[in-house]
Amino acid sequence: MRMWGGRFIGSPDPAFMAFTSSLPFDRRLYEYDIRCSMAWVNGLKKAKLLTEQEESSILAALSSVKREMDEGVFKFIETDEDIHTAIERRVRELIGDLGGKMRTGRSRNDQIATDMRLFVMDECRKIMLKILDLLEALVNLSRSNLDIIIPGHTHLQQAQPVRLSHFLLAFAQMLKRDFSRFEEARKRADVLPLGSGAFAGTSIPVDREYIACLLGFSTVSDNSADAVSDRDFVLDALFAVSVAMVHLSRLAEQIILWCSDEFGLLELDDGWSTGSSLMPQKKNPDGMELVRGKAGRTIGDMDSVLICLKALPLAYNRDLQEDKEPLFDAFDTLRGSLEVMTGTVATMRFDQMRAAELLNAPFITATDLAEFLVYKGLEFPKAHEIAGEVVSFCITEGKSLLEVSLDELKTFSPLFDEAVRECLTPEAAVERKRVKGAGNRDECLRQIEMLEKFIKEERERLC
Amino acid sequence: MRMWGGRFIGSPDPAFMAFTSSLPFDRRLYEYDIRCSMAWVNGLKKAKLLTEQEESSILAALSSVKREMDEGVFKFIETDEDIHTAIERRVRELIGDLGGKMRTGRSRNDQIATDMRLFVMDECRKIMLKILDLLEALVNLSRSNLDIIIPGHTHLQQAQPVRLSHFLLAFAQMLKRDFSRFEEARKRADVLPLGSGAFAGTSIPVDREYIACLLGFSTVSDNSADAVSDRDFVLDALFAVSVAMVHLSRLAEQIILWCSDEFGLLELDDGWSTGSSLMPQKKNPDGMELVRGKAGRTIGDMDSVLICLKALPLAYNRDLQEDKEPLFDAFDTLRGSLEVMTGTVATMRFDQMRAAELLNAPFITATDLAEFLVYKGLEFPKAHEIAGEVVSFCITEGKSLLEVSLDELKTFSPLFDEAVRECLTPEAAVERKRVKGAGNRDECLRQIEMLEKFIKEERERLC
Amino acid sequence: MRMWGGRFIGSPDPAFMAFTSSLPFDRRLYEYDIRCSMAWVNGLKKAKLLTEQEESSILAALSSVKREMDEGVFKFIETDEDIHTAIERRVRELIGDLGGKMRTGRSRNDQIATDMRLFVMDECRKIMLKILDLLEALVNLSRSNLDIIIPGHTHLQQAQPVRLSHFLLAFAQMLKRDFSRFEEARKRADVLPLGSGAFAGTSIPVDREYIACLLGFSTVSDNSADAVSDRDFVLDALFAVSVAMVHLSRLAEQIILWCSDEFGLLELDDGWSTGSSLMPQKKNPDGMELVRGKAGRTIGDMDSVLICLKALPLAYNRDLQEDKEPLFDAFDTLRGSLEVMTGTVATMRFDQMRAAELLNAPFITATDLAEFLVYKGLEFPKAHEIAGEVVSFCITEGKSLLEVSLDELKTFSPLFDEAVRECLTPEAAVERKRVKGAGNRDECLRQIEMLEKFIKEERERLC
Amino acid sequence: MRMWGGRFIGSPDPAFMAFTSSLPFDRRLYEYDIRCSMAWVNGLKKAKLLTEQEESSILAALSSVKREMDEGVFKFIETDEDIHTAIERRVRELIGDLGGKMRTGRSRNDQIATDMRLFVMDECRKIMLKILDLLEALVNLSRSNLDIIIPGHTHLQQAQPVRLSHFLLAFAQMLKRDFSRFEEARKRADVLPLGSGAFAGTSIPVDREYIACLLGFSTVSDNSADAVSDRDFVLDALFAVSVAMVHLSRLAEQIILWCSDEFGLLELDDGWSTGSSLMPQKKNPDGMELVRGKAGRTIGDMDSVLICLKALPLAYNRDLQEDKEPLFDAFDTLRGSLEVMTGTVATMRFDQMRAAELLNAPFITATDLAEFLVYKGLEFPKAHEIAGEVVSFCITEGKSLLEVSLDELKTFSPLFDEAVRECLTPEAAVERKRVKGAGNRDECLRQIEMLEKFIKEERERLC
C-alpha cells in the first residue's frame, strides 16, 4: 500500500522504492508507532471524529498487529514503504476501510517525530541502568582493592603514588556525568509533536495535552513547523553516547595498559579475553580494544546527523530519515560496550605484588621531598629546583630517593632533617593529601559510599 | 622562565619550545588565571602557608600584572611557555622570590582546568545574552509581519499555506533550546578543580570550598585524578555551539532562499549584504552564506576535541592543551554569527505583494479539500485519493482548485457542497488549525507573548 | 570452532563472544576469503608444505564451501567467530584434520587485510562503472537541452545567463575527478599483505610474488608489521566516497531548487518522486533529499575509521575490526545514490518556457553592459560603477536593462552607442564568452564530445 | 576600497564588514595573488586589452606592492575587505585609474581559486620535503640500531620477537604513502581556473593556456562553473594531512609507550622533552603527546570543509571562503608536527640492555614451538593447541619455554626433539622468517637501502 498516488500517473521505479524505503530500519519502532496510533485514536474519539464502536475496533486491530509483530509472524509486503504504512495497511486488512480513519489529521511527519521521541526516552532510561551496573562494578572493585597503591602517571610517566581505587573512582566520576547527560537528553525528548500534521498543525480539534498524557509526555510542542523538523533530541542523545564512549575508550586504554606484560598490574578473566589463531601464548584484551575503537564509530554517527541537518530549510525534508540508523547504531554500540566493560571490570584481578614492585620506582616521591622544604619555609620554585637536583644526583649515583643519606641531602639544603624519611614512602605520600578529592583512604571511602548511595537511589527511581 | 629544569642537563630545542608553547593562545585566559591565583593566595593564607603580609604583597603584584595586561603593556618574553609561567615570572620580577610561594601545592594541571572552567562559564553567559538578542529580533519581526501568509514548504515543494510568523517562530524555538543547552554547559563547568595538584591532590591543607566560593563556583570536584583530566565541560560547550550553528545555518538557508529572485519574498538591508566585483546588479546575502558555511567549522572544532580525548589514560596528558584553540574558535564563530544574524533579521523586509502572488499556487489547499470530505464522514485515505484525483484533473484542465466548479467537484464525490469553497482560501486553511502549536493568529500571538516574557526574564537574570 | 584456547581454562562469556564476533558483517567477504585461502594453499604446495594430493583436497573443499555460501545453504554455527573460522571449520568438517593445514604460516591478521584489499579493489571498479552511467545520463541531458539558456546563480542570486548544459557539465567534471579518486584508491589497495603472519612475517618459505600474481595483486607489501596494521586503503576509499557524496549532494540540491515551484525549471518523472500521505497535490524529490542527507553519513563513516586509527601502536590491534561496517556502508550508500541519481537525471524534464520567463530578469546582463564600456577603453572599476548606477536607475524607474533607451544610457556615459543593445540579450552574453571552459555552444559541445569519448574508453577498460 | 557599490544606497554595517572580511587570513596569500595578477596582466596585453606601456606600469606597481608586503610595511586599511581589494587599491594609489584595468574580465571568484591552487601546490612540495627529513631520521635510526631485538606486540601484548628496525621501518612505509598522497593532491591542484570569471567565463579573449604556462600550471580548467566552485583540491590536501597526522599519532603513541618507565626502552633527549612545574623528577614526552592530540585537529579541519561544501548549488557561494583557515591550520599543524617528530626521532636513544631484559619474556616464541611441530608434519591447529598446553603447563610450573626440558615437552608431543631448542631463542625466531617484508637482518637492510635511494631521488626532484 502506498499512502499517496492520486495525482501520479507513472508508478515509482523499483530501484527508487528500494532506495527510499525506511522499513528495513524503522520497523524497529513498531511498538512506539502502535502506542502512538492508539493514543491518536483515543484522541480522535475524544474529538468526536470516531464513535466509541469505531475506536474499539481500531484499537483491537492495532493490538492484533502488535501481537503479530511481537511474535515475529507479521508479513511485510513489498509496497510497505515504512512502518506506518505497514501497520495501517494491516489494520485495514483486518477491519476494512474504517482502519483508514486513524490517519485523520495526522501526517507521517508528526508521527515519526513522536515515535522517535518515545524511542529516545526509553533508550536513555535503559542506558542509564547499564551505566549504574558499570558504576557498581567499579565501586565494588574500588572497595575490594582499597589498600593497593600504584604509581600514578601523567604523560604516561610515573608521577606520584596513588591509591588504585582513586583512579578507578575517577572513571566513576566520568560515568556519573554521562548519567546526567542522558537524563538531560531524555528531558529534551519529552515533548509531544503529534498534532503538528505535516507542519501546519491540524484542523481536527484533538486535545494534544490529553494525548501527551496517554503517551507519557510531560508537555506538547509549541510550534508545529519546528515540531516536525526538530531533531535536537536525536543530537542530544548522540552526543551523550559519544562522550560516554570517549570515557569508555579511556577506561579501555587504561585497562589495556595495565594488563600489558610491561605494566603487568592486571589480569583479565578468561571469559573476557581472547587468544590468537597463530600465537599460542596470547591472551588479548580484545573487548577493550573494540570498545576503544568504537568510540570513533559513535562520533561518526553523531557527525552524520549534524551534517544532515545543516542548512535544511523548513519544514520537513526527507533528509531527516537519515537520523535513524546512526541513532540506533549509537545506542546499540554503547549498550554493548557498557555490558562488556561491566563484565570485564567485574572479573579482572589486580596483582598486588606487581604494584608493590612498581612502587619501588626511585623518584616517585620527589614532589614530597620538595614539599618538605616548603613546610620548612622555602618558596616552592626553589624547593622544586633542589628536589630536581637531588634526583639528578640520584641518577648519577644509581640510587633511589629512599637510599640517599641525610648527610647527602643536607648538601643540597640545610633544611632537611630526619623527618624527611617519613615523607618519602608512597603510603605516607598518599595519606598526607587530605583535601577533598584526594586519594587518601578516607576520601576514597567517602567517594565509594556516596556512589553506592547514588546507584541505589537512581536504580529505584528508574525501575 | 621555565617552571622546571633541575633534573635536566640539555636545554630545550627552540623548535620544540615553539611547538609546545601555549602562550600564543592561552594568554587570552590571563584574567581568569590571575583571579584563580588570587583566590589560591587567599587560600594559602587561610592555610597559614602565607602571612598576611606575604598575602597582600603577592595580591598587589598580581593586580599590577593584570593592569599591565589589560592595558596591553605587559611584555611577554621568549621563555614564557604559557600564561601561568608568564604571570608568575612577572610577579617574581616585581616582588622577588616571595612570588614563587603562590605556586605552593598547585600544578599547572589544576590551574588550567580552573581557568578554562571560569572562561566557559563566562562565555556561556555572554552567548546566552546574544541568543536573547536574536530571539528578540525574530519576535519583533513576527509581530510586525503577523498578517502575512506564505506558502509553507515541505521537501522544498509548496505544501500548505502558513503564517510567515509561524515559520519565524519555529526558529525561535530552536534558539530557545540552544539557550537551555548553554545553561547546562555552564552548570557542568561550575565545579572547582583547584587543589587537585597534578592529579593526586595536595598535602597543603587548603580549604577548597572557601576557594570555590571566592571564585564563584558552586561546588568542588570530587576526585582529583578526574578533575585534572576532565574536559567534559569543553565538549558540552562545543556541542552547544555546534547545534546552535546548525540552527543558524538552517535560518540562513531559509533567508537565502527567500531572498533569491525566484522566491522574492525578502529583501536584505544594504547594510547587511554585499555586491559583486564583477556583476554590477548583484546584491548578495554573503553574511548568511558565511553563517551557513561556518556550521561546518564548529562541528570540526567539536570533533577535534572529541578525537583528542579518545583513549587518553589517566591522568593529565599534554594532548589536553589542544582543547583551547577549538573552543575559542567555536565561541568566537557563534558570537559573530549571532550578531550578523541579529543585524540581518532586524533589518530585512518582507514583500507582502509577492507573498500574495505566491499564495496563488493552484493546489496549496488540496489537504483542506480532503479534510472537508473527512468531516463529511469519509475515511481519510479515501478523501486523500479523491483530492489527488481532483488535482490531476486540474492539471489537465489548467485550473486551480478555486477555479473548479462545484459540479465538477461533485463528479469526484457527492459529498462536496457549497461550503467547500470557504475551506479553500489560504487564510481559512491557516485559521482553521486551532490546536496548540498551529499557525493561526492567536497561536502565533501566544508564542510571541510567551517569548517576550522569556526574553525579559532571562535578560534580567543574566545581567 | 575457536582458533585458540590451549592456554585458557575458562571459556568466553557469551556476551563477550557476541560483542567481539565479526561474523554478522565479515561474512560478506566470504568470496574474497576463499580466493585468498585457495591462493595460499597453492603457495603452501609450491613451498612443499602440502603434497599435490593435499592441495587438491583442500581446494575441492574450499570450492564446496563457496558453493554452499553462494547458494545460501551454508550453516553458520555459534562458535564461528568470524568468516575465517567459519570457512576453516567447514573445510575440516569436509576433509578432516588435513583442512587445518591451510592455516599454516598464516594469521587472521594478514588474511583479513588481504580480503579487505580484494574487496576494495573490486568495489572501486564497480563504483567507477556506476559513475560512468551517471556521467552518461548527464552528458545525454546536456546534449538534448543544448539550446536552453537559464539564469545562472552565484550566492543564489541571478548573476549571468548561462547555458543549462554548461551547468550540467560542471557536475560531470566533479564526477570525473571522483572517477580518478577511485582509481587511486584502487591502486593503493593493490598490494598483497598475505605472508605477513601476525606481523612478523612467516618462517614458511612461501613465494609471496607468486601468490600476489594468483590473486591479481601487482605487488607485495614491503614491511610485515605495516602490512597487518595499515588501513590507508580503507581511508582512501572512504574519502573518495565522501567527496563523491558531497558532489552528489550538490547536484541533488541543484535539482531540488530547480524543481521547486518557485524556480519551476524542472519536473521529475513520476517514477523517481513521491507523494505525501497528507497533502494530495504534493510531488516530492525524496530521492534527491536522501542523497543530500546521506552525504553526512559517509563523512561519518570516514571519520569513524580515522578516529579508530588514531594513536594505535604497532602492530595489529582489534580496533581494526571497526573498519568494515563503515566501509561497507559507505560503498552501499554511494552505489545506491549513484543509481538513484542516474535514474532521476535520465528521466527529468526541463521546462524551456519557464527558462525563457526567468531569463526575463531585468539586470541579468549588467556585467555585459560594463564590459561594453571596457571595450570602449574605460577601466573596469569605472565601467562597473556606471553599470551599477544604471541598475539603480532601472530599479527606481521599474525598467529592465533592455528597456532603457540609448539616451538614458548616454546620461551615464557618453561611450554608449547603438551596439550596446546587442550585448544585452542573454544569448549574446553567453555566446560572446569564447575562452576555453566557457558556456558557449561550441565549448559545451566540445566538453560533451570529450566526455563521451572518456565514458566509452573507460567502460571498455573496466569491463 | 570596495569593489562594488554602484547599486547600493546604504553602506555596510561595520559588524557585517568585520564578519565577512577575509583579510585577516587571506593576506597570507598575497604572494600568490600578485603572481596571479601579473600573469593576468600579461594575458590582457597579449589580448590587446592593454598596451605595452600600460602593462609595464601595472607590473611595476604590483612589484612595489609585493615588496611592501615582503618587508611588512604595507598598510592595510579598514575598507580592504580581502587581499585582492587591498592589492588593487594600492596599485591604484600608485598608478591611478589605470590600475583598475587589471580587473578586466576577472572576478574574485576565479582569482581566489587560482591563488589557493598555487598555495596548495607550493605547500604540498614543502611538506613532501619535510616528510623526507623524517624518513631520513627513521632510516638512520633503523640502521644504527639494526641489531636490537625487542618483543613485538599485538593487542599491546607481547607477541613475537621483532627487530626494532623492522618496527621503525613500518612507520617509514606509512610516511612513504603520505608522500605519494601529497603528490596526488598537488596534481589535483595543478589546473588553472583563471579566465572563468564569476562562473560564466569571460568575453575577454585571453589565452588561458598562455597564462597557465606563466604560472606553472600544467593545464586549464574545462568548465568555468565548476572551476570557481571546485574545492576538491583543498579536500585532497586536507585528507592527505589528516592521514599523515594519524600516522604521526601512531608513531607518537609508540614512542610514548616505549619511553614509559614500565617499557623503559627509550629515552628522549633533554632538548625534546619537558619537565613538570610540580614534580621535580618528571621528564615528559610533551612533543609526542601534542602530535598525538593534533591528529584530531586536522580531522576537524577536513570535516569542516567537507561539511561546508555539502549541498552547495552552483556556482560560487560565499561559504567557500571557509576553506582557508582550516587549510592553513592543517598545513601548519602537519609541518610543525613533522619537525618535532624529526627532531625527536633523530635524538632519541634506545636502551639495548632493557630490550634484552624484556626479551626474556617466557613465552615469546610459543609460535615457533608450534611451527616446529608443523615442520614435523602436524597440522597447524593441532600444533597450536599443543603449544598452548605447554604454555599452560609453564604458567603452572613457573617456567619459561626455554626452561622446559625435552622430556617434559615430549609428554605433550612425541614429535619434539633436540632441535626444538634452537627455534626458541628470539634471534632465531626473527631470522627464520625469510619472506619478503619480514624482519630479518637482510630484509631490514633491503628496506633501508630502498628508502635511502627513495629519499635521495625525491629530494633531488623536488629541490
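In order of appearance the chains are A, B, C and D, and numbering begins at 1 in each one.
Simple rule for what comes next: contacts are C-beta pairs under 8 Å (C-beta built on N, C-alpha and C of every residue); 3 or more make two chains touch, one makes a residue touch a chain.
All values derive from a computational prediction rather than experimental measurement.
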**OP:** Consider the two chain pairs A-B and A-C; indicate the one with the greater count of contacting C-beta pairs.
**Re:** A-B
**OP:** Using mean C-alpha positions as chain centres, tell me how far chain A is from chain B in Å, no decimals.
**Re:** 23
Subject >> chain A-chain C separation of Cα centroids, rounded to whole Å >> reply: 33
Subject >> Multi-chain contact residues (two or more partners), chain D >> reply: 3-9, 103, 109, 153-156, 159-160, 197-198, 257, 275-284, 286, 289, 292, 295-296, 299, 303, 306-307, 310-311, 317-318, 367, 384-385, 387-388, 391
Original post:
Viewed as a graph of touching chains, is the assembly arranged as a line, ring, star, complete set, or other?
Top reply: complete
Subject >> Sites on chain C touched by chain D in the complex >> reply: 3-9, 49, 88, 92, 97-101, 103-105, 109, 152-156, 159-162, 166-167, 169-174, 177, 184, 188, 195-206, 208-209, 220-227, 229-230, 232, 235, 239, 242-243, 246, 249-250, 252-254, 257, 292, 295-296, 299, 303, 306-307, 309-318, 367-368, 371, 374, 379-382, 384-389, 391-392, 395, 429-430, 432-440, 443, 447, 450
Subject >> Of chain A, residues touching chain C in the complex >> reply: 2-13, 15-16, 18-20, 84-85, 103, 106-109, 197-198, 269-284, 286-287, 289-290, 292-308, 310, 317-322, 325-326, 336-337, 339-340, 343
**OP:** State the interface residues of chain D toward chain A in the complex, per the touch definition above.
**Re:** 151, 153-160, 256-257, 259-264, 275-286, 289, 303, 307, 310-311, 358, 361, 363-364, 366-367, 369-370, 384-385, 387-388, 390-391
